[in-house]
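Chain lettering (A, B, C, D and E) follows the sequence in which the chains are written, and residue indices restart at 1 in each chain.
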Amino acid sequence: MEWDWEFVWQIMPTLLEGFKITIIATLLGSVLAAIVGLLFAVLRRSPNPYIARPIGFMAEFIRGTPLLVQLYFLFYVLPSAGILLSPLVAGVIGLGLHYGTYVAEVYRGGIDNVPRGQWEAAKACNLNPLQTWVHVILPQAIPPMIPALANYFIAMFKETPLLSAITVLELMNQARSIANTNYRYIEPMTMVGVFFLVISIISVFGLRWLERRYGRVER
Amino acid sequence: MTAPIINIDKISKSFGALKVLDNLSMQVMPGEKLALIGPSGSGKTTILRILMTLEQINGGHIQIEGEQLYHMQKNGSGLVPANERHLAKMRQKIGMVFQLFNLFPHKSVIDNVTLAPRLTKKVPRIDAEKRAMELLDMVGMADRARNMPAQLSGGQKQRVAIARALALSPKIMLFDEVTSALDPELVEEVLNVMRKLAAETDTTMLLVTHEMGFAHDFADRVLFFDKGSIVEEGTPNEIFSNPKQERTQAFLKKIIAAGHRV
Amino acid sequence: MTAPIINIDKISKSFGALKVLDNLSMQVMPGEKLALIGPSGSGKTTILRILMTLEQINGGHIQIEGEQLYHMQKNGSGLVPANERHLAKMRQKIGMVFQLFNLFPHKSVIDNVTLAPRLTKKVPRIDAEKRAMELLDMVGMADRARNMPAQLSGGQKQRVAIARALALSPKIMLFDEVTSALDPELVEEVLNVMRKLAAETDTTMLLVTHEMGFAHDFADRVLFFDKGSIVEEGTPNEIFSNPKQERTQAFLKKIIAAGHRV
Amino acid sequence: QDNPKLEQLKEQGFARIAIANEPPFTAVAADGKVSGAGPDVAKAVFERLGVPEVAASISEYGAMIPGLQARRHDVVTAGLFMKKDRCEAVAYSEPILCDAEAFLVKKGNPKGLNTFADIAAHADATIGAPGGGTEERLALDAGVPRDRVVVVPDGQSGLRMLQDGRLDVYSLPVLSISDLMRLANDDSLEMVAPVSDAPVYCDGAAFRKGDEALRDAFDVELAKLKESGEFAEIVEPYGFSAAAAMSTSREKLCAAQ
Amino acid sequence: MIDWSGYLGLILQGALVTVQLTLMGCALALVMAFIAGFGRLSQIAALRWLATVYIEFFRGTSIFVQLFWAYFVLPLLGFDLTSMQAGVLALGLNVGAYGAEAVRGAVQSIGREQFEACVAVNLSRYQTMRHVILPQAVILMLPTFGNNAIELLKATAIVSLISLSDMTFQAQVVRAQTGSTLIPFATILILYFAMAMAISAFMRWLERRLTRGLDGVRS
């Protein structure tokens, strides 16, 4: 089978349409993962074992099972419990939960890296726990985490094709639909690869910049 | 006779199996300047950290200005462990300066000083900054108010840390080896600030130090610690020139041999 | 007169813009014990590292036993930079002991000593271990042969490192501040081993040290370095008791003031 | 004779067939055994051709023709209905299974959707169909915009999405819809069948272009099978009409738009 | 009456395929990780470049795209792969690219002084790697390898989309045949989690074994 440039141009608008959804899913998924991760990280540190343990197990479980199956679960099983999610919402929740467990580890590392003396100084300044978190710990913990977080968000971007399995019309699904109707796989599949590669290469440079900008803390 | 501002009553403290403080009692009078000396591991830091509520005690009681620190009255029926709210109230009376400064590295010098008043006492920014500038001026750091901590030398950091602790106007100040992490040539600038502080305010001060000369000049009273209890106490002259206990003598001899001025 | 075993001929070495060695020449006779002293940053370590082929030179020549170190003859037509094979051959003549021991942490003491002979000289394990035990015995570490390096003190590690370097029977041994990473009470045990070594073998030895007293006892000749060149050289007595150059005098004065024995 | 592909299949003793995960065209028993109308016919014909076994692999509709082209299967027997452009992409045998199209809708058909044109005309009605399947094409051709044609991976998903109100219509052949309704046993659903603006389609065994010789040999044995009545015995228990398949031809079906 | 035990058997057959895929994928990934990891450390610029291209390509394009490419496009280019081979190839090459970075990082984190000690005792480059650097570096790689293996296990679920009858695929089949969604999906979630736990238990055991007697060497 020969490569057909004309066909490539013809399918480009459709692919771009899908790409838009891919980007939206990644952005929303990242925001959700950032929030979910924080919840996981903070709850896992809870002194109450009845909170910390189940949350810990849940995070392990989510991290140990495939995102694809989790998506099926969210999309096909939850409705029998009366929770009906649109494909994109289910997809974003799946990405957010799954990557939230990774992000939680990044938060944990970042928080553990804030020296104990900072907690103690906050106490000596009589800050309450919320003030300590907001004004002392998080501002120091978050910047060094940014490169690692960005890394996971890029990884998430590369997993968005899984959303095609729950009927989200993102890049991969558009490509498959093109392939199905035209009986040509080579161009759409390759172009999807190119899209991902281009974004990845750009993000490698972005990451380097983030690492230079935020990677180090001066104390 | 006035009442002690700090009354430590038979407290004990263990880390796991290690008993660090054993049935220790001591009193501090308002405005008193106290130096705590003794060999490494004798529990000096631990006492300060307990007063700052950074460590829990395993037994005994502490009163600050007659009020329980780790306990509180429960509707007349007796003492119960203090809750966070009670501890926060008690902490208002106490400030601490750490060996490693523990400045907030993401905040400028002035923000380090104003953070606590603004958050805990809701002092308006403008007032907090005015007061902070006075304090920074006192420690000789007014011209560095907009710098970040990373741009300062160790001695400068420690002076800012002192200003930060003073910003809450505590009645009691705790100093834990505030010069021992500094390069030798920077020690004096911090000690000068502290001399000035001791002379100018009537804040009660507890100082842990290995600088015997400074302890001599600074303190009204010196406590010599060993293995978690007070072996000897007295005026600086009594302790440094005429120690009665053998252990105190041995400790001072070792310090002198190591080249420290007494 | 015999030929020098090491002939350094106008070498220079820069790190980026920083010129560390400038047109330096020196000779070492077989069996000679040489001490290299001088202020920090004067290039002492760099010379040893160049001899061990851990750094490249930027110009000049070095001969070991009359053979080029960094160059080799190319079919009569002239000198070309040495290839890895030539370097490996030349390295057989040289051993080095590092300031931080650099033992292989995943190998037991005896394996550290036998690894190189077994791999590079294909010595059978049984022979290699026999020789290793002799060497470990000499450095007083025979009873620790089966220990892992992590279980040893710094002084013990350094003695094993010496045995490891000796295991290849090099003609030249390089020692770079082998005691300066050790706790004071462990220094002597290493120096004793080296005294014994100096007395018992006719290996050529180059020693970089800040222990002037040891340099005095150990060396046949002392070179004083400053800023990448040799400022003064002579017998230990000449250098330590009667230095001619002002810079040497200043350096020794400073060392004595810091409390080191000369 | 001159049929190297058939010789090769005989040699290896089995043919690789692609099937869909869609009863009753195909069925997988609890022991993993593949049955269903399509595979059963293929099995019978190949046996007669001297190829004793078939190795079935389940595939998405969209992946079948590319899979055929990529030599992943020797033949597709999955209810892949004959249409003009498909006839150009693959070499079909004579018709095997025929079925009309049906809609699965909520009880009472609240949006009144009886044809593909109805869906196109409706402002926000969504239809679910297998990706690359006939129904997707029909919907798009009828003018339903892409974002209202949801590509559904399999029948159970479609059923589910309809029950959950994510779809207004789920479209498959009549027999597939019936089977879904039987399994679901849900009386809040009903079937619209046949859909009047969709023709009755028939599938055939689809071979790779270039394997026409094998296809022709297949046709010969298939004709004999139909003749003997054995064909009807295979397909009718699954609900398919043998007569429908025998009354039409590849030529006719491929000519239709 | 649905024959649940039969369908459970079907899922277990799928589990077997998943295990096979994981094992073979890990084997390929391990080989690629070392080849590419050392490629990046090579003194030969062309090898470094080649390894970098491999790593960036496989990390940059989604595993999903790679799998579809291996399955649908490679045969068109004349490479005939069974779906099992395509799955192992895509998974192994993808995860190998991530592993390569772990190999490189671990080797580089062994201090320069170990390399210098090897020069001083005249070991060749190969001997240095084989006897001194690798034994220390492997221990540092293990935690990352463990995570990579779990990522690979999870990625095997994607092969269900190219019709390889792995566990997820069999769950889909069971779902289509029985009409039940919850039971097959819950079952495979638990099985995946059990496999992930088994992998991490194995890696912990391996780490303990390899670090035995090395206490206090590195942390």
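In this section, a contact is a pair of C-beta atoms (placed from the backbone, for glycine too) under 8 Å apart; a residue touches a chain by one contact, two chains touch by 3 or more.
None of these values were measured; they are calculated from a predicted model.
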> Which neighbours does chain A have in common with chain C?
Replying inline: E
> Which chain pair is joined by more contacting C-beta pairs, A-D or D-E?
Replying inline: D-E
> Distance from the CA centroid of chain B to that of chain E, rounded to the nearest Å?
Replying inline: 55
>> Taking the mean of the CA coordinates per chain, how far is chain B from chain C in Å?
In response: 51
> Where the CA atoms of chain C average out and where those of chain D average out, how many Å apart are those spots?
Replying inline: 83
>> For chain A versus chain E, what separation do you get between their C-alpha means, in angstrom?
In response: 21
> Which positions in chain B touch two or more other chains at once?
Replying inline: none
>> Residues of chain A that contact two or more other chains, please.
In response: 1, 76, 165, 179, 185
>> Two-or-more-chain contact residues of chain E, please, as numbers and ranges.
In response: 72, 76, 161, 181
> When you check every pair of chains, which ones turn out to touch?
Replying inline: A-B, A-D, A-E, C-E, D-E
> Which chain E residues qualify as touching chain A in the complex?
Replying inline: 56-57, 59-66, 68-69, 72-73, 76, 150, 153-158, 160-161, 168, 171, 181-182, 185-186, 188-189, 192-193, 196-197
>> List the residues on chain A that touch chain E in their complex, please.
In response: 1, 61, 63-70, 72-73, 76-77, 80, 158-162, 165, 172, 179, 185-186, 189-190, 192-193, 196-197, 200-201, 204
> Which residues of chain E touch chain D in their complex?
Replying inline: 2-3, 5-7, 9-10, 13, 71-72, 75-76, 80, 83, 161-163, 165, 169, 172-173, 175-179, 181
> Which part of chain B faces chain A closely enough to touch in the complex?
Replying inline: 52-54, 84, 88, 91-92, 94-96, 98, 100, 102-106, 115-116, 119-120, 148-150, 164-165, 168
>> Please output the residues of chain A touching chain D within their complex, sorted ascending.
In response: 1, 76, 79, 84, 86-87, 165, 167, 169, 173, 176-177, 179-181, 183-185
